[in-house]
Amino acid sequence: MSEPKPGSKQPLREPEAGPTALDLPAGALSPEMRGYLDKCAEKIGFVPNVLAAYAHDDAKLSAFAAFYNGLMLAPSGLTKLEREMIAVVVSAANRCFYCVTAHGAAVRQLSGDPVLGDTLGVNWRAARLAPRHVAMLAFAEKVALASSSIAEVDRQALRDEGFTDVDVWDVAAVASFFAMSNRLASATDMRPNAEYHVMAR
Amino acid sequence: MSEPKPGSKQPLREPEAGPTALDLPAGALSPEMRGYLDKCAEKIGFVPNVLAAYAHDDAKLSAFAAFYNGLMLAPSGLTKLEREMIAVVVSAANRCFYCVTAHGAAVRQLSGDPVLGDTLGVNWRAARLAPRHVAMLAFAEKVALASSSIAEVDRQALRDEGFTDVDVWDVAAVASFFAMSNRLASATDMRPNAEYHVMAR
Amino acid sequence: MSEPKPGSKQPLREPEAGPTALDLPAGALSPEMRGYLDKCAEKIGFVPNVLAAYAHDDAKLSAFAAFYNGLMLAPSGLTKLEREMIAVVVSAANRCFYCVTAHGAAVRQLSGDPVLGDTLGVNWRAARLAPRHVAMLAFAEKVALASSSIAEVDRQALRDEGFTDVDVWDVAAVASFFAMSNRLASATDMRPNAEYHVMAR
Amino acid sequence: MSEPKPGSKQPLREPEAGPTALDLPAGALSPEMRGYLDKCAEKIGFVPNVLAAYAHDDAKLSAFAAFYNGLMLAPSGLTKLEREMIAVVVSAANRCFYCVTAHGAAVRQLSGDPVLGDTLGVNWRAARLAPRHVAMLAFAEKVALASSSIAEVDRQALRDEGFTDVDVWDVAAVASFFAMSNRLASATDMRPNAEYHVMAR
Amino acid sequence: MSEPKPGSKQPLREPEAGPTALDLPAGALSPEMRGYLDKCAEKIGFVPNVLAAYAHDDAKLSAFAAFYNGLMLAPSGLTKLEREMIAVVVSAANRCFYCVTAHGAAVRQLSGDPVLGDTLGVNWRAARLAPRHVAMLAFAEKVALASSSIAEVDRQALRDEGFTDVDVWDVAAVASFFAMSNRLASATDMRPNAEYHVMAR
Amino acid sequence: MSEPKPGSKQPLREPEAGPTALDLPAGALSPEMRGYLDKCAEKIGFVPNVLAAYAHDDAKLSAFAAFYNGLMLAPSGLTKLEREMIAVVVSAANRCFYCVTAHGAAVRQLSGDPVLGDTLGVNWRAARLAPRHVAMLAFAEKVALASSSIAEVDRQALRDEGFTDVDVWDVAAVASFFAMSNRLASATDMRPNAEYHVMAR
């Protein structure tokens, strides 16, 4: 086999055709949801494919958006960056390409530290974080990989780093949410928008 | 050690104190959410502890209820019983006591077959189901346990049993939802209401 | 797909045809073994399918019964209930439907606490047990799932809760026995007698 | 650290003190069991430590011996060598030093092929066996490592190689027995008699 | 906790101090190895930390470089890009931050397709590759994660896609090499040079 | 099936045809490498099949030999026996028949303790070793099985037993090397030379 020239840009990958591998007929969107997608496009620059996929069903799109925004954007004892760090760590544990890509971009953007996003997307143990974040991510990873063996000692380890019981709920809820999103994305072969790859580098 | 008398009803377990192991201060509920919980209590006979736990935050309770009801109760190519079967199988794979208990009761109720609920709560392979349900539960279990290796062949296996692409989304969405619920329940030590154990036996 | 009516009792499962999926020709039973099975039927109300399956070979039935009874019913530092608790926890770890069902019923019966049986059949960590039983079940689960990494520290943890060395042998022996029974039941698709599902509820 | 001379025979290991790590008080043996152990010593040249360990309880020793002998020595569609091959393969999967050693010696002895015993004790796939034995050992290994996912297709694969349903029971029963023995041996740190290491080399 | 401003660039990570977490005294380098490191710095722009780490021992650095270059750069039936693709896929399976970073950069550079590098660094199944590369990476991942169960059927799957037996050796050798490098990097906390993160984006 | 006579030496295994399952055309060897193989044959009594396999490519054979010898034979804070102990323990974890056999023989030879080699080839925890060796082998096994979760505490455990940082590198490097060799051997079905089985027994 002759070596192709570096940088010859002959794609090894098939082009993507749609936000997922499923053929989901376009549903009729309510004015509220059309407005929501328009606002996303304006603010982020594109409609994230997770929303484009959910858009086959107006009610489900609406419920997903409310649930997601309440979890990731509403006031919380966790900063938005911390919630995105959990998102990336859980997604890396589940090897979900869509979510590592989309939320890796968010970590780069919120932290101003592109290497942090890349590190969490492979192995958070390589990031030399402060004890608060080590505790938070160790708990999130256990939620992702071994939830049935979580015990009081695990919750106490978060309290020992200053997390309140409501914060513990939030760490668990964010980690659990991405256990869901990762699986839905992998099960439907959801494809990250191309824009994510270059955001905030 | 002397043998206690069978049926002496000396509890080996500590009593439960609240819906989870977390101390979540009661939030102020909106009239809508108060009404929703009242309606649950009236219809089911009690407020499920997952709702009691979410009730520390009105907005999160509201979003969770909308998201859950859209997934599990709205019209779908999957029957309500099928969605509950997926719930139990994923919860068994994750060894989540809260969800196996609550949704095992739902399977007993919807199917009129108490043994079906018990079987799915341990190992669905022991249930000798029809090919449609074998395909559905095998896919759901792969979503639960090995989502990163799902490929087109797995989605095709559902189509071969008559599932549409929207149905495939729904199987994936329900299985993924319980990947989340199981983890949030286990991470917070959520306790099933006592009523579930005796429902529809 | 139209929704079947709840409680319509149309079975989703194929009926069972025999105690296992294997076609084991009936062997000639000795008077002793005929008497033993008769006594079981009288005392329990039915012949457990594990015995019906072993009955294809008189000598093996006899040896199995002696081995089982010595382990589970003879005097020991462990109560009968404790031995049944170990049985259920190991069977849950191995997701063996036959054994979770049969020994879950025994836990309900011996403890007078139906919820205890249900909890151990999914995840003993949800049961809030006393330290003696936490130590016992943690050791039993390690025997079930990671026996090659058991070390002196694990045995010592049992001694620290008051177990003698003979008791440690018994915990190990009961946990190991169900590692065997679970596998034989799963490998032959052994079906629990219907009576177990309703016993002691 | 200076290099010790090869062959200097300074032991790196602590000497063994008894058949297991447990302090099991010697029980009173019945004449039958004393005779059985004497016969073992005469025939094999020593009392296997598994029997020495069980000897703390006469009834348990007796039941274990009957159960073991019925399984491994009584007439069966499987040769004695085949049963020992299963024993070694399961024991290797469980990394049980006692059983790999004792039954590896049996395979060497019964087969007259020392390399066969060594191969099965590490990885049977390296042994280039006939299809009958590949099917038998693949089934046994699945019993050992993934019993909850055994399905009809697995049993059929044995029938396709000429195993009867009674033979399938026997393969399952032998594999399951060593799932038990391996765990009891590992959990109690049972030590193989020194004689096994040199038998039939 | 108040939300830090996005892009405020306050690092969450401790700065790195050296190529690994080990304190490896600088060894005396031979003129050949000094020349080799100088040539690397000139060609790549920096001395990769894996070489900086090996430089504590001149002979080991020399042997490693020869071994690595023979494997990854010498003529082969696999293109250099294909060898780098294997490197990234194995490193992702092992969650090795050093190797995903360094070889992800190489895939970006050799393919001119930054997204390909990012995809392989999380989950190659998301990349929609041609059958030759699916076969190659499936084999490489099995080498990484389940080498003891590789059988003739796995090698044949590569031959069926046109790989010669020497090519099969090379796929196995490259995948195995990164099984080594990943472990040495993770075990010593080896840190990727900062330059890798921005190369060929 | 009639029982074959013990010791009848009818092989159950197909004979081996070459050092691996691959058809690797003989390459032209340089005088240096011909001399190296001759020296091996003279010193060990045969050419190890790993070298026979590498001999299809003179440059790769040469690089492998240099890399191997630098790691296993050059001066180090670890004795040659300790390095061979690591080799066997990692190879047992990976169930690599070639490497357990070849390096098990080396442990027997260097230690003068045949049982030590057999024990490490199944489960080092059964060997009752001194704390230095327990720490060394626990670290090596973690490198083999869970490298992505190694943290500073693991390296410190070696330092606490007197290992220097260069020694830690060497433990990691030897364990990682066999992670490679095991995989290359299993992936190519490499067969141990018959002589290994009887060496130093």
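By letter and in written order, the chains are A, B, C, D, E and F; residue numbering begins at 1 in each of them.
Assume contacts are C-beta pairs under 8 Å (C-beta built on N, C-alpha and C of every residue); 3 or more make two chains touch, one makes a residue touch a chain.
What you see is a predicted model; the values in this text were computed from it and never measured.
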item	value
Neighbouring chains common to chain B and chain C, by label	A, D
Chain pair showing more contacts of the two, D-E and A-E	A-E
Fitting chain C to chain D on CA atoms, where both chains share a sequence, rotation angle to nearest 5 degrees	180
Repeated interface matching E-F, over half of the contact pairs identical, chosen among B-C, C-D or A-C	C-D
Of all other chains, the one whose Cα centre sits farthest from chain E	C
Gap in Å, rounded to a whole number, between the CA centres of chain F and chain A	42
Length of the line joining the C-alpha centres of chain B and chain F, rounded to whole Å	49
Multi-partner residues of chain F (each touching 2 or more other chains)	95-96, 123, 148, 150, 186, 189
Which chain pairs touch, all of them	A-B, A-C, A-E, A-F, B-C, B-D, B-E, C-D, C-F, D-E, D-F, E-F
Chain E-touching residues of chain D, taken from the complex the two chains share	123, 125
Chain B to chain A touching residues, read off their complex	21-25, 53, 56, 59-60, 62-64, 66-67, 70-71, 74, 94-96, 139, 143-144, 147-148, 150, 152, 154-155, 165-166, 168-169, 172-173, 175-177, 179-184, 186-189
Touching residues (chain side chain E, partner chain A) in the complex	1-4, 6-14, 16, 77-81, 92, 95-98, 100-101, 109-116, 118-119, 121-123, 126-130, 133, 186, 189, 191, 194, 197-198, 201
Complex interface listing, chain E residues touching chain D	148-151
